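Worksheet: the structure to be examined is printed underneath.
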Amino acid sequence: MTVIFDRLVFSDVTRHFERRRALSRVSFACSAGEIVGLLGHNGAGKSTLLAIAATLLRPSAGEVRYGERTADEGGAAIRAQLGLLGHEAQLYPELTAAENLAFFARLQHLTDVTRRVREALDRAGLSDRAGDLVSGFSRGMRQRLALERTLLHAPRLLLLDEPFTGLDQASTSALVARLAAIAREGGIVLLATHDLLLAERVVTRAVILANGRLAGDVSDPAGLRAQYARVHAEPA
Amino acid sequence: MKRLYLPAVGLGALLFAAAPFLIMNAPYEATMGLVQKIFYFHAPIGMVMFLSAFVCGIAGLLYLMKREPRYDRVSFAAAELTVLLGTLVLITGPLWARKAWGVWWDWEPRLTSSLLLWMIFIAYLLLRRYGGPGSERLSAAVALFGAANVPFVYVSVNVWRTLHPKTTVVPSLGPGMREPFWFCFVAFLVLYLVVLAARVRLERQRAEVEQLYLELDER
Amino acid sequence: MGRFVRTAWHIARKDLTVEVRSREIIATTMFFAVSCVLVFAFALVREGRVVVDAAAGILWIAIAFAGTLALGRTFERERFGDTLRALMLAPADRPAIYVGKLAAILAVLIAVELLLVPLVALLFQASLFAHPLPLVLLLLLGTIGFAAVGTLFAAMLVRARSRDVLLPVLLYPITVPVIIAGVRGTAALLAEPADLAMGQFWIALLAFFDVVFIVLSLWTFEPLMTE
C-alpha cells in the first residue's frame, strides 16, 4: 500500500536531550513542489529536525504529520516515501558502487533492480566505476553515489543535511537541477544548509532556526540574506 | 496510594520489632542449633529478591512497550533493591554456611543462582550509569532478559550442581518453624514495598528537577 | 513473510560479502580464539597432562570470548559509516534486520568453531569426534543462543557510551546458562562411557533457551533501536 502525501506538517515539535533543549515548539508546513531551506547556525537544531522528519528520532513533544498520518500510524509505508541524505555517505566501503545500490534497492523492495542500478549509476556519472569498491572513491564521488542511493525509490519527501559540502561546481549545479526536477514532479524537498548564497539559488522558501526555535519564515529567497542577518542581530 | 505510605512504614517497623521474639522462640533445628536461625532472614530476603527481579523485568517490559517514564522509574528502583537484597543474601548465606558446614562458599545451587541474578542486575546498574543517554530503554531490555533468564539459571545451576556429591543439605522446615518464617517474609515484603515506593518517589522528583532545568533553558 | 525472509537474507548476504572481501573479523577472531586456547593450555596443563574436563570448558570459553569480539566489530562497522541509520530508514521490517545480522554472525562463529574443535581435541587429547551428531547439535544450539542475545545487545549498544566494555558486561551474566549447558553437555559427551542422556538434556535446554530468547529479541529489537 503506497502512501502519497503532499504535505509535511510540524506541530509544536520539541526535542530535548537530557537538560539541553534542541528544538522548541517548531511549527511549520511544507507542501508538494516546494524546496524549503532549513537555515541556521551550527547547533540551531537543523539536523535534529531532519532526523525527526526522517522518523529516526521521536519528538519529546508535538507531532509530525505526513499528509494526514503520523510516523507511528504510517509505519513502513511512510519510510518507503522518505529519503535522507545526511553528513555520512551511508555506503559500505567494502562493496562496489553497483553492489551498494543493489543492496539498498532490495531493502526498499524495488523490482527490476539491475536496470535501476544501471540508470542510477548513469545519472551519478559513475557507470565506468560500477565495479569498483567504494573505499577507493573520492568524497565527491561518494556524495553523488549517496544521492542516487537516496533517490533510488523515488521518495516523495527528500531530506538533505548539508548536501553541497565537498561538491565541485559541476556536481553542485547537477544537484540543484535534480532538486528542481524533483520539486516539479510534486515532491517535497527539505534542505538544511548554512550556505546562504547557495540557498538563494536553490530554495523556493526558507525557514530559519535559531537556538532550536523558529525565528523566521521567508517566502522570497531574494531577501534571504537580509532576513537571516536580521534574525541573528536581534537580541535573543 | 500515598495515604497508605505512613501506615505501611509503621506496620513494617512493628513487624521488625516483633520478629526477633518470634525467631528467639522458634524451636532449635536438629543438626545446626542456634546457627540455623539466620535462615529466618536469609531465605525471606532471597524470596523477596527474586520477586524484585520480576518486578524490575515486568516494569522494563512495560517501559519498552509504552515508553511511560514511571515504568522506567519503578524498574530502576527495583533493580537497585534487587542488588541490595542480593548483597544481603550473599552475606548471610556464606555466614551461615561457614558456621554450619565449615566452608564459606560451596556453590550451593540456590546461592549460586542468586549470585548470578545479582550480577545481572549489577550489569543493569552499570549500564544505567555508564551507558550515556538513552540507556533507559537498553536497561529495560537487560531487566527483561534477566527476569526471563531466572528459570534457565535455576535449572542449569541445579543440574550442574547435582553432578557433584552434595556436602551441604538445606533442611526442610519443621513444625514451629513455619510461623516465624512466613512472618519474616511478610515483614521483608512490607519493607521492600515501602523502600521501593520511596525510591520511585525520589526518581520522580529528580525528573521534575530535570524538567525545571529544561524550562530554565526556555529563555 | 516472504519479504521478511528476503530482507534478512539480503542483509546476511551483504554482511558475508563484506566479510569475505575484507576477512577482517574472521581472521582476527580466529587468531584470538586460538590464542585463548593456548593461554588456557598454559594455565591448565601440567607436566603434559590435562586437567580432567578442561577441554569442554576451554572450548566454550574461547567461543564466548571470540564471539563477543566478533559481535562488537560487526556493529562497529555499521556505526562507522552510519549505515545502521540507512538500514533503519528503509521500509524493511526491523526484526528482519536482526535476523540477517544474526545469521551472518552465526556463519562467522561456526567457521571459527570448525577450526577450534579439532584444535582443542588435538591439544587436550579429547575425543570430541566420538559422538559427532550430538556435539554438532550442542555447538549449533549453544552458538545460536549466545549469538541471539549478543546480536541484540551489540545492536542496542551501538549508540551508547562505553559500548566496548558494556557488551561483555551485559552479555556474560545473561548467557551463563548457555555456557553451563555447553560445557556440561560437551563434558558428558567426552566422558568414558559417554553420557548421552545427559547430553540430550543439555541440548533440550539450549533449544528452549534459543526459542525464548530469539522471540524476546525479535519482540524488543524495534523498540530498542528507535529513539
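Think of it as A, B and C in the order they're written, each chain with its own count starting at 1.
As a convention for this text, contacts are C-beta pairs under 8 Å (C-beta built on N, C-alpha and C of every residue); 3 or more make two chains touch, one makes a residue touch a chain.
Quick caveat: nothing in here was measured; it's all calculated off a predicted structure.
Asker: If you average the CA coordinates per chain, which chain's centre is most distant from that of chain C?
Answerer: A
Asker: Report which of A-C and A-B is connected by more C-beta pairs in contact.
Answerer: A-C
Asker: So which chain ends up in the middle if you average the CA atoms?
Answerer: Smallest offset from the overall C-alpha mean is found for C.
Asker: In angstrom, rounded to a whole number, how far apart do the mean CA points of chain B and chain C lie?
Answerer: That gives a centre separation of 31 Å.
Asker: What whole-number Å value describes the gap between the mean CA coordinates of chain A and chain C?
Answerer: A distance of 38 Å separates the two centres.
Asker: Report, in whole Å, the distance between the mean C-alpha point of chain A and the mean C-alpha point of chain B.
Answerer: For chain A versus chain B, the centre distance works out to 50 Å.
Asker: If you look at chain C, which of its residues touch at least two other chains?
Answerer: 227
Asker: Could you tell me which residues belong to chain A and also touch two or more other chains?
Answerer: There are none in chain A.
Asker: What residues of chain A sit close enough to touch chain B in their complex?
Answerer: 16-21, 24, 236
Asker: Sort out for me which residues of chain C touch chain B in the complex.
Answerer: 149, 152-153, 156-157, 159-163, 166, 169-170, 173-174, 176-177, 180-181, 184, 201, 205, 208-209, 212-213, 216, 220, 223-224, 227
Asker: In their complex, what parts of chain C are in touch with chain A?
Answerer: Within the complex, chain C touches chain A at residues 3, 6-7, 10-11, 14, 17-18, 21-22, 81-83, 85-93, 226-227.
Asker: Residues of chain A touching chain C in their complex?
Answerer: Touch list, chain A to chain C: 54-58, 76-77, 79-80, 82, 84, 86-95, 99, 103-104, 106-109, 133, 149.
Asker: Can you tell me which positions in chain B touch chain A when the two form their complex?
Answerer: Contact set of chain B toward chain A: 133, 210, 213-214, 217-219.
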